[in-house]
Amino acid sequence: MTLTNSPAATILNRQQLKDLLSGFNPDPKGREAYAIIEALYPICRSITGEGVRQTLRLLQQTIPLIVHEVPSGKEVFDWVVPKEWNIRDAYIKDSAGERVVDFRKNNLHVLNYSVPVHRTMSLAELTPYLYTLPELPDWIPYRTSYFKEIWGFCLSQRQLDQMKNDEYEVWIDSTLQPGYLTYGEYRIQGLTDEEVLISSHLCHPSLCNDNLSGVATAAVLASLLDDVDLRYSYRFVWAPGTIGAITWLALNESRLSRIKHGLVLSCLGDPGLFTYKRSRHGNAEIDRVAEHVLRSTGHDFELMDFTPYGYDERQYCSPGINLPVGCFMRTPNGKYPQYHTSADDLTFVRGPALADSLFHLLRIIEVLEGNYRYLNLNSKCEPQLGRRGLYRQVGGTNNTGVEEAMLWVLNYSDGQHSLLDIAEHSRLEFSEINDAAKLLARNNLLQLIDPIRSSHLG
Amino acid sequence: MTLTNSPAATILNRQQLKDLLSGFNPDPKGREAYAIIEALYPICRSITGEGVRQTLRLLQQTIPLIVHEVPSGKEVFDWVVPKEWNIRDAYIKDSAGERVVDFRKNNLHVLNYSVPVHRTMSLAELTPYLYTLPELPDWIPYRTSYFKEIWGFCLSQRQLDQMKNDEYEVWIDSTLQPGYLTYGEYRIQGLTDEEVLISSHLCHPSLCNDNLSGVATAAVLASLLDDVDLRYSYRFVWAPGTIGAITWLALNESRLSRIKHGLVLSCLGDPGLFTYKRSRHGNAEIDRVAEHVLRSTGHDFELMDFTPYGYDERQYCSPGINLPVGCFMRTPNGKYPQYHTSADDLTFVRGPALADSLFHLLRIIEVLEGNYRYLNLNSKCEPQLGRRGLYRQVGGTNNTGVEEAMLWVLNYSDGQHSLLDIAEHSRLEFSEINDAAKLLARNNLLQLIDPIRSSHLG
Amino acid sequence: MTLTNSPAATILNRQQLKDLLSGFNPDPKGREAYAIIEALYPICRSITGEGVRQTLRLLQQTIPLIVHEVPSGKEVFDWVVPKEWNIRDAYIKDSAGERVVDFRKNNLHVLNYSVPVHRTMSLAELTPYLYTLPELPDWIPYRTSYFKEIWGFCLSQRQLDQMKNDEYEVWIDSTLQPGYLTYGEYRIQGLTDEEVLISSHLCHPSLCNDNLSGVATAAVLASLLDDVDLRYSYRFVWAPGTIGAITWLALNESRLSRIKHGLVLSCLGDPGLFTYKRSRHGNAEIDRVAEHVLRSTGHDFELMDFTPYGYDERQYCSPGINLPVGCFMRTPNGKYPQYHTSADDLTFVRGPALADSLFHLLRIIEVLEGNYRYLNLNSKCEPQLGRRGLYRQVGGTNNTGVEEAMLWVLNYSDGQHSLLDIAEHSRLEFSEINDAAKLLARNNLLQLIDPIRSSHLG
């Protein structure tokens, strides 16, 4: 083959990602992701503060991500990086001195970002500061107040029902002071500088599916891809929701044009169906790839059109940014009762679900990586596949699967259609089409025509 | 707010149309429209003549429309304004001198536009001049012969069955002479000279739903809008069907480019579902607005694609005119048995149906008037709504309705999408989207970008 | 009428094709096509050789087609014209001298294109050279080996089951030598040089539906059209599958731009539903015409999108050729059990099915021929049809069918829409629309605007 050493040959001969998929062993990968969640679960995270730093430090055991610190007061588009919030302890004590609500038992008990307070109050005075879920009386809600300096406690309805008319000592030992917003980033250099963005929010405290599942899946995915020759460069971002994504976008605005595809990862550990929420483009390559991969599983799944609420796709898909970034989930936010409650705990997320999420992410990446356009070098009539040993010898029977895939690739490799286009058109799986294209290219019947830009090619 | 006195401020602060809708009281409005129909019902109208003039004179009690007279013989495109037809009396008398068919009892008895005749004829001789509905034997059909000079009588099958072999005196005291074609017009000046055309045919004699319902609804609508500050100018036309619309178009050809939207009104008093027949464009703004309004009612309704038969949309949507004019009806022509018979009388149309038609027309106008495009002035990421008091203080819960509407408006106000586009995209009601846009604009987060052309702005 | 002697008048006054359709008598036409199949059935055809020549000679009794001979070794795109194959006899004899497999009984018994062989072999040695259909044990399969020089026999499973352990004499008296590839062609000159291609493969031996049905239908169709004044020129090609179509395309490459529409004909004699397989364009005029004709029959039918396997549409629709050629069939290849077996015999195809196929082909041609664009010469409002005698005199009733068709033609004859566009839009049949257009054109209300290019117009 004359292609050896050329970029095209590099692409045609790459095998690592395929091996990664065929050798993917769900059990250890699910356990690895679950173990990360277990380690991160107790930490009290918020949009700023030590919880975020501690989380990123633990993730560095899986992937050597870089920690970025952005000072309070920094203007980022229409926003300002807020003060840093830290908390040591918090409780409501009754007159007998017993902690009836105790931050040390569950960090959800504090309204996240509460300003410090130390007062004695009657139950009636205290009640406006208490948040419960009357319809889910055993669970503690997760509530926040990032941009209004107030305080409060979250507790189960049962806890509240047991609180008598008494004088309570209320104590939140937090600080809200100039400091930093912290986020993590990891980049894998591919054959080209075109990037795939993988983003997950890490601001939620002890909540597993939303979003330690996304945080951990991203980390394991990064570690898997780290050893693989890739077409695209991959940029992983772990940042607090909303303000973190806005900060990252503001600081990286000049580099956004490199991002060709992206996914927000969240809610990936529950046992529900997969859900893909399309980018604002609606029909971007990432949208079509994700749909193709989910459709080829044979299982049910959900597709959602873009909406301007949800996770950080809100920011990535704001009209002035408008990146082709979708959101990959199992059961979406707000669609499971445990959402934003203490029931989103270590029993709600599962290793097998995490492994399955990882596997589907790898399949999405496989299609993205292989979705080139080729040109049929014998476009007038079919080439004679038989004399190249690519066609059955005895005719009169139906085409074989490989023959069909080759005929589809030859017929539609007219410079307009990518392999994904051909897979969709033929209703064959992308991997069949990709294999056929590589076989034809090795036989000099196809030529790779997508631009291959890279500083990494010798 | 810095917008005071600017055209944009004028638009944002307008409240009258909204008040008109929220204060709309169906009972008196339905009674008002019904009373107009009652007053117009006895008159024998045709495409020309005193009946039309008398009708327009009565309508002037509701709205000070202008009466136009176009002389017979005037060439209007491929047509010529016909002679003026007037009729005083008509009957068929039996040999005993009894009027067995009597124009004074119902003006449908005369074939509309019949030439004068006075003869004595046997029943056999007379029969070819008689029109009945054998399958609806109690009803008199409505028949016309505008462009062929013949005569005839319409009667119920029962009447015909009772006519014996006898000598009959046939008498039609009509004239067909050079005169005028008469139509009415009323124009409301809006902020801009761009016009909305509201057209109804008034040539039918004693037929209520087709089309005194359209004629009366248009008059009451004009009187309601007359006191309101409006974006568009509104031109109401009451003209005879076909030849009247053709005449009006021929005389106003140079002004047609001002017409941005239009509706033909007919069959608006029966108790059936609403029907909207799309303009020839098929997806003109008026088509989308009418569909949006009907869809948001929660009731069933019918949508029809354009067909080149029906009412005067035939002319407005002829290929060389091609205005974006749809047709707003309840049960369409030909789809109710009373259509074009004496049973389309004062018992067939109802005040509540007329009021409901009026209300929906006002809602269509509300959407047309408010369907501007805005530009998000903070298009990179979301603006911080919280510090402007536009967002809930405690997070962790789902977005409220207003927040969702604001997020949709912000995300899609990229210069491409109108508020109707955003309403359709978000599946929210136009009024929610419009309210959110005004709220954001008052907070300087959006800017109105649709051109505002007007000589009326100070 | 001022149009006499003009090309437009020629078109408007043509009546022959319409007469052909209205006078079409299915019985004799079905018998004629069936008789051709009967005559051709015994011949052992292949992609080259005397069988093809003999077939074309017999077809010349129906239509004076021209026989082309292309020498072996000729390069045609990626292929080379193969050696010519001829066969006189073949058998497997048992040790008692009895022909247990006999080419003279059915020419399917020989693997088509087998090289000569004369050997004595045990059953065990022979078995790898034998092809059967275990699941259809009474039928002989049709198998080929065009491009690999091997030999073999095809037989029913029952025959194989009866073969004992014995020594067999194997004899194939074939030759594979330099010679020619043979195909037939017939062209009918129309008003213009723009061509319609009708192609059928004639390489299959004793198989009736695939494809003597296509071969015979094409011949009868050519004979029917030969006497008719036509807009398009029609080029009929009878050639061996794949290599024949490739050869024809390679030799005629410079003339392909004249081909505006085309059909591959196959499997047209079975009693199943019609199937139309779209061209690669997917929405070419031929695709829309075929669908319109099939839809207007009121019977079920099948539509298939283009796939790059099937018949010679594979070549006509290869990306570098990309002609608008569909495939017209009844039950498609591979979808009936008799396909490519000895059961595709003279009992499987029927005269009435062949006649029905012919009739539908004529209707497709009728639409292609008549699908002009016209321009409404009175595009502002409707023209007054009444004074031209084209409209009913007494109004108040619904439009008649002819009036509706005229209104559709007038409204959409804006220079953009063809008559087929209008037929689809109005959901009327093409013939109704075409008749209305001709009536309007004769009344000078429409003008034919499609270019009429021809050397044949005086």
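All chains are identified by letter, namely A, B and C, in their written order; residue positions are counted from 1 within each chain.
In the analysis below, a contact is a pair of C-beta atoms (placed from the backbone, for glycine too) under 8 Å apart; a residue touches a chain by one contact, two chains touch by 3 or more.
Quick caveat, the model's predicted, so the values are computed rather than measured.
Taken over every residue number at the interface, the positions common to subunit A and subunit B amount to under half, indicating a different-residue contact. Chain copies subunit A and subunit C are related through a rotation whose angle, from the C-alpha fit, is 120° to the nearest 5.
Once the centre of each chain is set as its mean CA position, subunit A and subunit B turn out to be 54 Å apart. For subunit A, residues touching at least two other chains: there are none. On the side of subunit C, the complex with subunit A involves touching residues 76-79, 111-112, 131, 141-148, 150, 152, 242, 245-246, 249-250, 253, 280, 307-309, 314-315, 317-321, 334, 340.
Looking at the complex, you find that subunit B touches subunit A at residues 376, 378-384, 386-387, 393-399, 403-404, 407-408, 410-414, 426.
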